[in-house]
């Protein structure tokens, strides 16, 4: 059944319904509607399916702050790099995506090449297993991600506690999505006609957590899954709202997302983390949008165990990540894009993670030597 | 001036005096005189100069227990190998010669290849410097050697103490030469007409320490240096005694060896070491012939810090090291020599150190495919 | 940051809080500490970073697809 | 086991108990804690395992060689 | 050496050029690679040359782990260089092999690797005629590295070159993509995945020689190793100045490879292959070539995956939905992601 | 890459076959090794061959440290393979070079090494026409390893072979022994010796080509690398079944090399050389060859060191005193001893 959701024939038929609807919406708005996805995995799925090119002219899709790597503050990135550089006796555990993220002067990949120990883990559970198997090593796991990921990291702390490991700690840079969307939607310059909501974040938070998008800001929103059909359905449901002049927060992913979300995951998150004010790249300080470990787990809190001070450093000169993440410009409008900033030598963090707005754009939708004209063919 | 001592022209002229004298002695004895050198470095010097071949027929030179590697007990060797194998967190420091010495089942070289950390040092002082420079490592220095070497190792303990290093210790297998010569000379089967005494051991002990050779056992002895001229002089002085029917312990190395030896070195040895009963390969237990660290230095005594038990293992089957070291046979008389026992795969320890009796014999005086006949040409 | 993989449960160990799921013919052990509901083989889970984050309602998926067929035929 | 290398003293530091000796044109720093006698540049030392174990009496060496010349010419 | 139970691993001394090195050569390399031209105790091997064009190629193999489902570093080292010659239109003749071995490496494993090399050479009809062995200390290599260099004669009929590519040419591959890279990744990372992916590691020269003889319309071949289909296609596109248009739906990828790459956030188009190559062929011969590959060479998953269009050196992928996206060179080795 | 101060070291990504590998090739290898045949973006390099006999030789270079007095690993890698061809009687033409680089290796050092290779090639008149680069993680290599493979044509006049050796032939070397091995050892071990020994690392092919043209009595040549004079002479003796008789007094060894080896308990006859070779030549040409080497090639320390006698494959050294000892193959790399 799930395979049916990625059936290209079904996709093409839906597309044939979607495009006329998008044209109708464009006619109503006097321009193509602009929808923003706020999940990096949506960004990837859109790019890999070629959906953006198929809708070109009738509907525009933009990437918001949905890639945790991209929204992580430069100072936070510098901190973990500084820790890796200063403490070759530590094992820095991380998801693969953080490896090449550029700090002000270096990256984890660079520091690994200089002797830092950096291990890539697929799951924080593996990092705990590693710590248990290497009692002479001290593992610091880099906790990056939204509500989807934070519970798994909380469980890793629980596992380390129950196994009485003294050599495992977490450096938590976790963030919460609804909080930053409030800031995003409050921006008077923002011109977004609908939000594609992150299906897996919503699996944890529940649909209701995003009701404010439509109730408070009067912006149509749809919780979306990640198959091509899911994404087209989300676009369809958003277009329907625009055409009918409604603004609701619709659950377009009911096979997984519930009204209240995953209560157990929410409880565990609450038990281990507390909301704190944190910096978001491009958004500045967003009150209560970060997740720090509760004080009673300070034994497992790398921020407490291995405090690092880094001098404040300006964001990379010329990087327009902030505007990209707010949907004000597309990546190719950034003056550095594809010139000084490429996936190989990223200037800004949006170019680093493959799901970063600029990296996905670079990888799938743009080419140095090619023209952009005829790629829909 | 010292260069003159290795002048081959002078050597050849001396040789022309030495050979007739040796023939005279042989005539008196009814067979060529047999002299034994009891220093591995003498063994090497004789081999490398080709002296044995030049004297063949008129004088025979044999190697005694002069190579500390060769006389080290199998059990002691097993101990250090076991330590290296069990404790990959230790750094085993050693002189180059011990690296390939075979224990019952392995060697330091084998254990290094399996992950043990083995560092070669030229001087125990370097081992202390290494320990100071690697405070997270624990260095165990393998103290092997006679009176010449023991003071240097004692000084390394002194240096570690004065620098307050907690990560340096010594595994002392040091032995004393006069003690074992007493045992050697007491052997009624021994047929040795003169002893070439170890010049550098005597530098520390003094000539008088070896007076017993002639006074108690009535064997002529000469303290010898290491240049070809020195060795020929020693042979000359021994032959002179034989021809004139005397037995004295003559100092043939007066430019370095004093009657009482090096008092400072003797004091330091006494301060740090105490005589203990130890096993010698081929000789069995020799009372009071080993040097163990004094109890008050037990912090630096690897035997105390890292005790190892190894099961007693028989000496390698068929190895005739004992008889070689006692001068009863020459290496090529051993049934394993050059067959199962080669420098590449030594069975007995005499085959390991380049200065070992069998190894020197193999390397310089014998060849698998060649005949032994005409090598004097 | 929220790559989720759907998988069909083939084995459950509630006591040790894990299940083996099969996705695209591949089996993997995942943590189920975040799942409140009962699990039996044949259930579908959404897996993220080694943990199941939710149970997939296959009935909903079916309804969803039927709805599309209706819409597509409506024309 | 007693490889000794003769070397000519070119520098002495009694306080720190080392000397620099030259052998065969090569210089090396060696410990002199075992040497009782005074050392001045030009002296010769016998070095083993990084430490000087004795001072070489060059006069003795000369006498020794002269003795040989006598013996050799005696014939 | 082999008979003594305590002499089961390579020591630094086996690399010192002395007696142990000599024994190592005799007991392993000369024994398995035996042929008239090989005599590793001389400085160089000598062979007769004919007038013509020769191809030479070299590659270092550092794969971790050294044994993997479907092959080992030895088989890989032979296939890799043979295939570089093969796709260049050459008939591989001779290889050299140079080993860097980490102290402590078991002789048993070394023997398996050497036997595997010898076996692969036999299958492909090439000989190893010169070699070298070095041993480095613990932590100065990862078990064993092998560099092979191969020489061969260009096949008289072959006429391969970037400049021959023109709009309308068809793009073929000889089978499923991504298996080797994924097999290696799964062995290396303890991901706890219960699925066996088999490397496609295989020598291609016999096949390429035959197809080059029969199909004069073949304009370019490329083995799809490091960087996978995407990177290699992009390199060719940039060098030839034409565009590649590939069809996502036509790309042969095994279901299990598809599944696992999705699971790990990887793209099979960037995974290395070791027995797969891309062929650019004139349109009129494409169909017959495909049939020939599938039927005569049992390459049942051989596919036409796209075509060449006039352009500027880009590679486009037509998505299943009918959209398009670009493929660029790989930037950073594929890593398991959770995003 | 070179212009960014924070991009000064090699990363694993430089070896993934993607964009960074591409850049690495462009910025370093293609830049320095530039020639018509080299294009490392193709699978193989192509060159024209003539009828005749070709020689091929390969060696891996793992020297530690990578920079040493008198050379570096790059110069060594070029000289080593050129010299193996040269002493085989071949005129070296082309090299391939394959690199295994440890993550974190500075580009500045890599560039020095590559420039040094390019320079040595220029001096010797050879070209690097194919290559490969792999990057391995920290602790999986020691900075950089290079494998070179060389091909060349056998000189028509050269007639070298073990079977030609006969009693009465003379044995020559072209200069002082032991410098390279000792230079390396002194760099590696912190022995606190205040003396600069310079490696003799040098390409020999131009010299060997000339002497082979002039001296038809040359029967065998051998570069005296790993294992030194003793091991190499023993190998030749064993392969040819004759005995070598070398004169200790005739062996050219620099005073400082003599001194330091004595100090450390080493034997210079077992130390590696990288610009020295042994020549076995018919007696009647020995004198003239020696004169030619000394005068026309400024090989002032070239010496006749012994001769060949009927025998059973042994190497004898006549000691200065007039005695004799045997030289065998090295058994275990030379280590500083105190005994």
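Going in written order, the chains are labelled A, B, C, D, E and F, and every chain counts its residues from 1.
One rule holds in what follows: contacts are C-beta pairs under 8 Å (C-beta built on N, C-alpha and C of every residue); 3 or more make two chains touch, one makes a residue touch a chain.
Since we're looking at a predicted model, the values are computed, not measured.
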TODO: Could you tell me the least number of steps, going only between chains that touch, from chain A to chain B?
DONE: 2
- [ ] Could you name all chains that are in contact with chain C and with chain D at the same time?
- [x] none
Open item on the list: On a CA-centroid basis, which chain has its centre farthest from chain F's?
Closed with: C
- [ ] Please indicate which chain is farthest from chain A, where distance is taken between mean Cα coordinates of the chains.
- [x] D
Task: Contact pairs, highest-scoring chain pair - done: E-F
Task: Inter-chain centre distance, chain D versus chain F - centres from mean C-alpha coordinates, in Å - done: 38
Open item on the list: I'd like to verify one number: the distance from the centre of chain A to the centre of chain C, where each centre is the average of its C-alpha atoms, in whole angstrom.
Closed with: 22
Task: Distance between the centres, which are taken as Cα means, of chain E and chain D, whole angstrom - done: 63
Open item on the list: Among all residues of chain A, which ones touch two or more of the remaining chains?
Closed with: 40-41, 67-69, 95, 97, 100, 109, 122-123, 126, 145, 149, 343-344, 353, 355
Open item on the list: Please output the residue numbers of chain E that touch at least 2 other chains, ranges allowed.
Closed with: 12-13, 19-20, 191, 265, 328, 331-332, 337-339
Open item on the list: Going by the contact rule already set, what residues in chain D reach two or more other chains?
Closed with: 1-3, 48-49
- [ ] Report the complete set of touching chain pairs.
- [x] A-C, A-E, A-F, B-D, B-E, B-F, C-E, D-F, E-F
Open item on the list: Quick check: in the complex, which residue numbers of chain A touch chain E?
Closed with: 8, 11-12, 15, 40-41, 44, 47-54, 67-69, 95-97, 99-100, 109, 120, 122-123, 126, 145, 149, 228, 342-344, 353-355, 362-367, 369-371, 375-377
Open item on the list: Can you tell me which positions in chain A touch chain C when the two form their complex?
Closed with: 1-2, 4-5, 10, 13-14, 17, 39-41, 66-69, 95, 97, 122-126, 144-146, 148-149, 151-152, 155, 158, 198-201, 203-204, 226, 229, 233, 254-258, 262-265, 268, 353, 355
Task: Residue ranges of chain A touching chain F (in the complex, touch as defined) - done: 100, 105-106, 109-110, 112-115, 343-345
TODO: Over in the complex, which chain F residues touch chain E? Could you list them?
DONE: 12-13, 15-22, 41-62, 64, 83-85, 87-88, 90, 94, 96-100, 129-134, 136-137, 139-142, 145, 147, 149-151, 153-154, 222-223, 225-227, 231, 235, 239, 270, 272, 328-333
Open item on the list: Can you tell me which positions in chain C touch chain E when the two form their complex?
Closed with: 1-3, 5, 20, 23-29, 48-49
